[in-house]
Amino acid sequence: MTDSNVPLLSIDDLHKSFGTVEVLKGIDLSLDRGDVVTLIGSSGSGKTTLLRCVNLLEDFQGGSIRLAGEAIGYREEGGRRQRLPEREIARQRSLTGMAFQQFNLFPHLTALENVTLGLRKVKKMGKDEAVAIGEQWLRRVGLIERRDYHPGQLSGGQQQRVAIARAIAMNPSLMLFDEPTSALDPELVGEVLAVIKDLAQDGMTMLLVTHEMRFAYEVSDRIVFMSQGRIEEQGPPRELFERPRSTRLAEFLGRTSF
Amino acid sequence: MYEAPSWFLELWNARQTLAAGFATTLACSVLAVLGGTLLGTLGGLALTYGRWPLRLPFRVYSDLIRGTPVFVLVLACYYMAPALGLRPTPFQAGTAALLLFCGSHVAEIVRGALQAIPRGQHEAAKAIGLTFAQSLKEVLLPQALRQILPTWVNASTEIVKASTLLSVIGVAELLLSSQQVIARTFMTLQFYLFAGLLFFLINFAIERLGRYLEKRVTLP
Amino acid sequence: MNYTLNFAPVWQNLDHLLAGLALGLQLALVGIAIGCLIGLATAFALLSPVRALRWLAAGYVTLVRNTPILVLILLLYFALPSIGIRLDKLSSFLITLALYAGAYLAEVFRGGLMAIPKGQREAGLAIGLREWQIKAYVIIPVMLRNVLPSLSNSFISLFKDTSLAAAIAVPELTYQARKINLESYRVIETWLVTSALYILTCYVIALLLRQLERRLSLTR
């Protein structure tokens, strides 16, 4: 039972270190259903690490992350913080979807098989049902004619679109995008951004990390600027880009092309 | 186990037999590796740079020998020799088989390494006026050595391990010597383990030596 | 050289030779199949974050790779009975071959596993797959396709190693050949035909495996 007043994603005082180096120094962030939020900042700001904490590809040492009210990754038991069993974490991960910078499609499977793998093995669907859903999403990203192609036969942009279909087919409540176009040749970037924009307009809740500033401006409800492990400033794109309040943000925007 | 003290006693009693066996193992291994390396290097050079009348016999030799199990090779050399008019001792027949085996592998190793050298190296050597022999010695082989060395060390340990097959044709190397001791003392497990340990140590030492040589040969 | 070639005794016993060859192939197949399982488990252990597992796996691999296979065969067959384990020849050899194969394949698999980008595992995690599912449906299938050439070489090598079963009188090809050799004194003919059989079989296996490689290749 989800209370519609509870934010979909709620990050409270998140702390994360790599060894002795603290990279997230107390992050507070929340997303409501349908929000499209983009994290921006220079490399080392912690934005990718934050994204990867949400689906527990990185663990975190302090604070909490809640997805539709459910605590991700850890639980309090008798005052002690314990990591959830692997089975639980796997289930929680299937509530989110992620698109990676390097696409990470499974090379030995066709596009359709890539999309249906999760449906069949995680959601335990039958083959026909999985194929139907898989084809629906491949059609949505415009690649239905390539359903039987292997990743090696697809361009970078096509691979990324299949990767997005693979993530969305799992019907996640939240989509995570980790620099989805950074590894693409410039001509292929547009087709991927178009798919993401399309999904956003359909009401998908999204958390993105990207360097594509114009795109961030166009698609986001909110932009979050991070620097050195903290959130420096956040707000609607127009506000942040045209009237930055922090000097670091102003510098950052001055350096990046827009 | 209470047998342990008596095992040490038996080991001491057997020391000469086992030492002789160890020496024989080393002897046939070293001979086979040295001879095989020489043969194989010539073969590798022939396969890389020779014209087809030179390449063909080496190709046939290498492919046939490599496709045959080394055990079959040993038995074949041992049994076929008298029919060919030769009268080798088992040691000679076995070592010859190992030599041929080593040679075929080294030929492939050397060929692979030489063919991996970029063409530009040959051309640069020619351009500064080196003869073929000189360019081999100064330019090509030193570079090929880097690739050859680890695989050659591997092949050498294979020869040491294959030397145990000579026990089947009656050569008193380490394995057969161990078996002779076992026949006398009935301490089967202990002496087989001991033989295994010795072989392990020999090969381990060779591997280490190989890695040391590799480091000295690698470019900084 | 007073030796007149007479292949008749060999042709008369061709069925024995072929039966031996078939047995050798069966031993190779089963031995390698089991060896693959052992090798896969060992490869994962070699890459495990648990140090004890890594050490155990590394110890197993180093021990087996540096010990002559004949010593291993004799150890398992003759020495194990003294600690109460008595196996028949076939099982004993099979287990030895599987353990031997496992140690070599572990290195092949380990290399293959390390070559898989870690993004593959993360993509699997991101869609909610369990660790074992990721290994079963993504990592292992991709890894096997990548190491297929090395795997083919290992298979051919291990098939040739089945010739050593003759050392404990398992009636595979080499044993049959030796028998014919001793009974008929047709030394040259026997070993020529036997070598030819091995070489031919290796060639056919290599051909078949190359076909398999092409069909499963990820770069279509």
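A, B and C label the chains in the order they appear, each numbered from 1.
Here, a contact is a pair of C-beta atoms (placed from the backbone, for glycine too) under 8 Å apart; a residue touches a chain by one contact, two chains touch by 3 or more.
Chain by chain, the UniProt names read as follows: A = ATP-binding protein; B = ABC transporter permease; C = Amino acid ABC transporter permease.
It should be emphasised that the depicted structure is a prediction, and the values quoted were computed from it without experimental measurement.
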When every step has to jump to a touching chain, what is the lowest number of steps that links subunit A to subunit B? 2
Which chain would you call central, comparing Cα centres to the global Cα centre? C
If every chain is reduced to the average of its C-alpha atoms, which one ends up farthest from subunit A? B
Can you check how far apart subunit A and subunit B are, centre to centre, with Cα atoms defining each centre and the answer in Å? 57
How many angstrom lie between the centres of subunit B and subunit C, each centre taken as the mean Cα position? 21
Whole-Å separation of chain centres (CA-atom averages), subunit A against subunit C: 46
For subunit A, which residues are in contact with subunit C within the complex? 55, 57, 86-87, 90-91, 93-98, 100, 102, 104-108, 117-118, 121-122, 150, 152-153, 163, 166-167, 170, 176
Spell out the part of subunit B that touches subunit C in their complex, as residue ranges. 63-64, 67-72, 75-76, 79-80, 82-85, 157, 160-165, 167-168, 175, 179, 188-189, 192-193, 195-196, 199-200, 203-204, 207
Under the touch definition given earlier, write down the residues of subunit C that touch subunit B in their complex. 1, 3, 62-63, 66-72, 74-75, 78-83, 160-161, 163-164, 166-167, 174, 177-178, 181, 187-188, 190-191, 194-195, 198-199, 202-203
Within the complex, which stretch of subunit C touches subunit A? 117, 119-120, 122-131, 133, 137-138, 141-142, 145, 218-220
